[in-house]
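Listed after this line are the structures, all set down as structure tokens.
In what comes next, chain A is part of two complexes: it sits with chain B in the first one and with chain C in the second one.
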Partner chain A sequence: MTIAATAGRTAINPRAAVLAYLAVSGIVLLLMMLLGLTMRLAQAQWIDVSPDFFYVVMTMHGAGMVGIAGLCSAAVMWHFVRRHVPVSTAVFLTNLVFFLIGAVLILGAGFIGGFGAAWTFLFPLPAHSGGLWSVNAAAAYLVGLIFIGVGFLLLHLDIARGILSVYGGLGAALGVKQAFGLAHGEEGPPPAVTASTMALIANILGILVGAAVLIISLVNLYVPSFTFNALAAKNLIYYFGHTFINVTIYMAVIAVYEILPIYAHRAWKTNWAFYLAWVLSTVFVLTVYTHHLLMDFAMPTWTLVAGQVISWLSGLPVLLVTAFGTLTVVYRSGLRWNPAAALVFLGVAGWAIGVIPAIADGTIAVNSVMHNTQWVPGHFHTYLLLGMVAMVLGFMTYLTNPQSRYGVAWLGYWLYLLGGVVFVLAFLSAGSASVPRRYAVHVAQWLPYDRIGSIGAACAIAGVLILIVRFFVGMRTAASAQDPSG
Partner chain B sequence: MIQDVVWSVSIILMGALALVFIWVATGASVAIANYGPVIDAAYRLRVWLFGIALIVLIGTNYKTVGELPYINTLPPLPAAAVQPVQVVGQQWMWTITPNTFKVGQTAEFQVTSKDVNHGFGLYDPEFRIVAEVQAMPGYTNVLRYQFTEPGTYQVLCLEYCGVAHHAMQAQIKVTDH
Partner chain C sequence: MNARLLAAATGSWLVLWLPPIRHTLESDMVLHMAVQVPLLIMLGVLVAVVARDREPRWLADADWLGIPGIVAVVLGTSFWMLPRALDQAVSDPWADLIKFLSLPLLVGVPLGLSWRRMPPLGRAFIWANFIPKLGAIGGLYLGAPTRLCAYYRLDQQELAGWTLIAIAVALGMTWFFAAFVGWTPSCAKQSPRRSGGFLIAAVGGN
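Up next is the complex of A and B:
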């Protein structure tokens, strides 16, 4: 199926739809970053924020970032996968509408209703507000998440329909035969199709599980006598939450596969190792979530040991296939660096480097003294802020590629990179010093970490602001342009 | 402490990986005309790296999985050698009975919650975490810990539980004799 055939399915300009996703993503990303900075400044005691408002901000930051990570990485995936399979622009935009409805409900729940049960809404906390938020505010938050989940479910189902119409099965689209040597690697599906297949398998399952626990929590709000096992609920929440946020990276990495070879003038070689990595990553993403429950001693021990071992195993495909492949494509390629190439390259570096503290935290002996310390936001900001977000910023820069403004973009790039490094290192070092995460009030000995982290965050936000403003400046011409060809 | 080892090892490995990316990035402008040998050499290197990663993975997991904190994996101790401790978390306070111990004493914290999820985080007198476990409604999680130094230990909540989460703290006294 060609792009022309796909475009014929709807009158809506698909490229404009992708740009609309990225425009919303850019604005929401910046707003959520400012909420994050607000928390760091409050912890640093440089601004005065009441604890009840701090926890509202924390909840909005968490939910907003997870949602927008999904949205912007879905734009990357959809932009590239539609070159290979027929997909519906109307469904793509329906997801955006559902997202915006969900976002309004969530923001209303927080900033009007005072809902502050963290984005993870661990059962039964939404129903135990201590008088700070109403049942209706909690319900608005949960319904908002359901809207966002339904939108993504529709999007993934539509992509699944398109993939099945071309490849006949999800196994073929994932490259299972190539992974196990039953077919030549060169004959396998394009990386964008493989990654999209992995994303839809994981996210459809994850969203369905998430919907179940959201409905349970919703019923519990209005019928308190309807209770549910708190540990089972935690399993469902982390299954959904872990899967959703991890899949954002696997969707965004398509930008690396597609953009970097253009500038490096080298093809991304797909072979059995590439497909095996994606098959294994699919399995790992769906089974590793118990590493969030390592301190829940009531869990069957084998599930927790499995969580540790799979955490370690899941680092191998990232480091030995995607990171190694990126380095191989760039190595002495004659690549003349531009901000788009540099950002997607940084995205892989951030992802790979972030795997190291993540694996450490997934080790039970380490988790026993570092669980829910700032080590946790330290490692996930490394592979999300400096990984996934960098890939998406690279994609945004690639689509709006006015070379005359490279100077400004480089300024944004370096502010973002250096600020981001300082920001995540402040978190990691604080975590190793036992500073707990999700605390509105910090004691004096924790303030140096908070203050250094705040400075890093401010620099990173300034850099992202420059890159996003540059995106908006180039957006008008980008709507009718072709993708750069190097 | 474990935290210091993890921090040092992580920083070294993260820095080393960052240097590899920087090295490749700074050398990218030099072009090699024939890409084939690059790919062949890279694949050979990857096999070696895979082997090293596998050895590290198996070795580390073998070592650490043998030292789990879960009570069903620990050797049983005679009743006289263990001090049972009832720990109940509820928004936003801890009830810990008893809360005074002697150096060398082994406590088995039987941790539960009356309302929502909490996290029982035990901080030593230097204010570093030495052990933790989740406190969950409907479950009693047992955490064994032997006190090795005297002083005032702090108990902090390590699972977000609402607006006074940060204030949900208690103290445990450990004396020499």
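Up next is the complex of A and C:
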């Protein structure tokens, strides 16, 4: 079922809108990476950053990266899903505008107001700054998040509207019938539709929960006597935060389903296992967040046990069908590797590898030792930096003239890959040596990890810079071009 | 049919106004907020169903995409959510009469008229705003350090908080499951595939 989307209905060129998303994403990604490098260099004691400012940078890096991960992966999702269902370009752009307003508020809260309570804004920390930031700065941060949430809510609701108008129900769009053998796998919805459906289910529910806790936090800021159960607030925040960042991978992975088959000249085959995996991961992604609370002894034990088991299972179904599908598409296909194909392929590998230390950390016995160590940024940077971001960079390369100037793109690719590997391995090995995370000042024994990590990060950023500059160079022709798929 | 609906709405309004019923429903915070107020709004919606065919054109035109009407709904309901306003309604029959008139006429009627004009995305967005706000207000009732209404006890306030949270969760789940199976209310069945299923749910169809 293919629909010429909104063609003719709107004056805004949808392709240009996607490119606008990616242009903003490219710039913000680079800036946030530089903030990350600043932290790493400060921990390495190669530059001097005051601890107060370190936490501002950490908060901005965390919030900025999570937000931009959502934005760029939403661009991937929207670009492909609009081939199958009618969606509105105006709503898509509205999300970008809301995002930018939210980003300005958040950056203002941090760099002008000094807000440094981490991107997770755990209640009641925003209201207890110890004099480091004002109530207004904390409120600007929370309102910024609300803006971003509202934008994404609109976008997902619009895609839901489009999907419902074609498939009737979200269950049908997810491929529930195919998953349980009630219909043929080949007749199921296209992978882009299935993935978008899971993303919208998870994110809409997450945003509703997030909105409630944001309102409560805002009231608490201005009327501190209105308190809220801190553990309940933590549950709600992670329900929203974990789901949001987790879903970025499920949106970005659409790039793999759509781009690899083009270069490999082989269709991405869907069968019952594919749909079953997506159905299972939809359920898991909504219930897995309790692994963030494994250290909270006041949580009912059963929730933590469930958190552990679901953490093991959560990403696996989709990851397995995607990794298996990727290998079957590529194997003996005669694919001539180019940077776009290599990047999306790397994305699957980075995701698969990053999940292993994540599963380890989702185990209660391991978590009680590793939880607050750099093992945690180690695993999530693996599947975000080398997984999700790789898929998005692959999409950007694919859109902007993939035929020529491969040389420089390959240079970018290898710098990014090798630098990224060194950077995440430095985090993981520091974590296994019990180096704590979120420490502004490191002791001498930890410095080797920090320094190697800094070098890796600098190389990775140089690689990403090359790929993004190349994207900007190709953008003008890309705006008017057809998809490489024809 | 229309006359009967109007008579039923007026009759129900009078029944709700009868002192024993009125006092019973207002004696408890949960009954007041979660039963009496929604019932009064529903009566207004019934009136809107009757008034729909007679609605003057200029009003329909002025109510662009249903936005002014829904803004009136939001303002009206927000006002009657203020603890002070509820207190006033309990203590002063005149204030109660204003509540009895304003909820059906300034909230229910615009809801019944404007909701249909709203595009599916707008309706979904309103739902998506309403549900977390209900939950957040419930949460605040639980976290409030003192009584918010002079006429209700702390335990009633707590029960009201939990009730609002329960309603928010129930609405969220219903919304989700309706979308999942593609359920569309009969009044919106005209073209469910084109118009976006559950998103047109609730008051009035397309």
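Just so it is clear, the second predicted complex is superposed on the first by the 476 of 486 C-alpha atoms of A that agree within 3 Å, B and C clash if a C-alpha of one lies under 4 Å from a C-alpha of the other, contacts with A are read in each partner's own complex, and residues count from 1 in each chain.
FYI, contacts are C-beta pairs under 8 Å (C-beta built on N, C-alpha and C of every residue); 3 or more make two chains touch, one makes a residue touch a chain.
The model shown is predicted, which means the values in this text are computed figures rather than measured ones.
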Should the pairing of chain B and chain C on chain A count as a clash or a fit in the superposition? fit
Touch check for A:343: first (chain B), second (chain C), both, or neither? neither
Chain A residues touched - chain C or chain B, whichever exceeds: B
Cα-centre angle that chain B and chain C span when viewed from chain A, reported as a multiple of 10 degrees: 100
With both complexes superposed on chain A, which partner does A:205 reach: first (chain B), second (chain C), both or neither? second
Touch test for A:164: chain B only (first), chain C only (second), both, or neither? second
Where does A:429 make contact in the superposed view: on chain B (first), on chain C (second), on both, or on neither? first
After the superposition, pull out the minimum Cα separation from chain B to chain C in whole angstrom, please. 13
Residue overlap on chain A between the chain B interface and the chain C interface 229
What residues of chain A sit close enough to touch chain B in their complex? 51-52, 55, 116-118, 120, 122, 124-125, 128-130, 132, 229-231, 234, 264, 266, 269, 273, 295-298, 301, 304-305, 308-309, 312-313, 316, 319-320, 323-324, 327-328, 330-337, 342, 345, 348-349, 352-353, 356-357, 360, 363-366, 368-373, 428-429, 431-434, 436, 438-441, 445
What does chain C use to touch chain A in their complex? 120-121, 124-125, 128-129, 131-133, 135-136, 139-140, 142-146, 168, 172, 176, 179-183, 192-199
Can you name the residues of chain A that touch chain C in the complex? 88, 91, 153-154, 157-158, 160-162, 164-172, 201, 204-205, 207-209, 211-213, 215-216, 219-220, 225-229, 232
Note: in the complex, chain B contacts chain A through residues 1-4, 6-7, 9-11, 13-14, 17-18, 20-21, 24-25, 27-32, 35, 38-39, 42, 46, 49-50, 53, 57, 60-61, 64-65, 67-73, 91-92, 115-117, 119, 121, 123, 127-134, 136-143, 156, 158-167
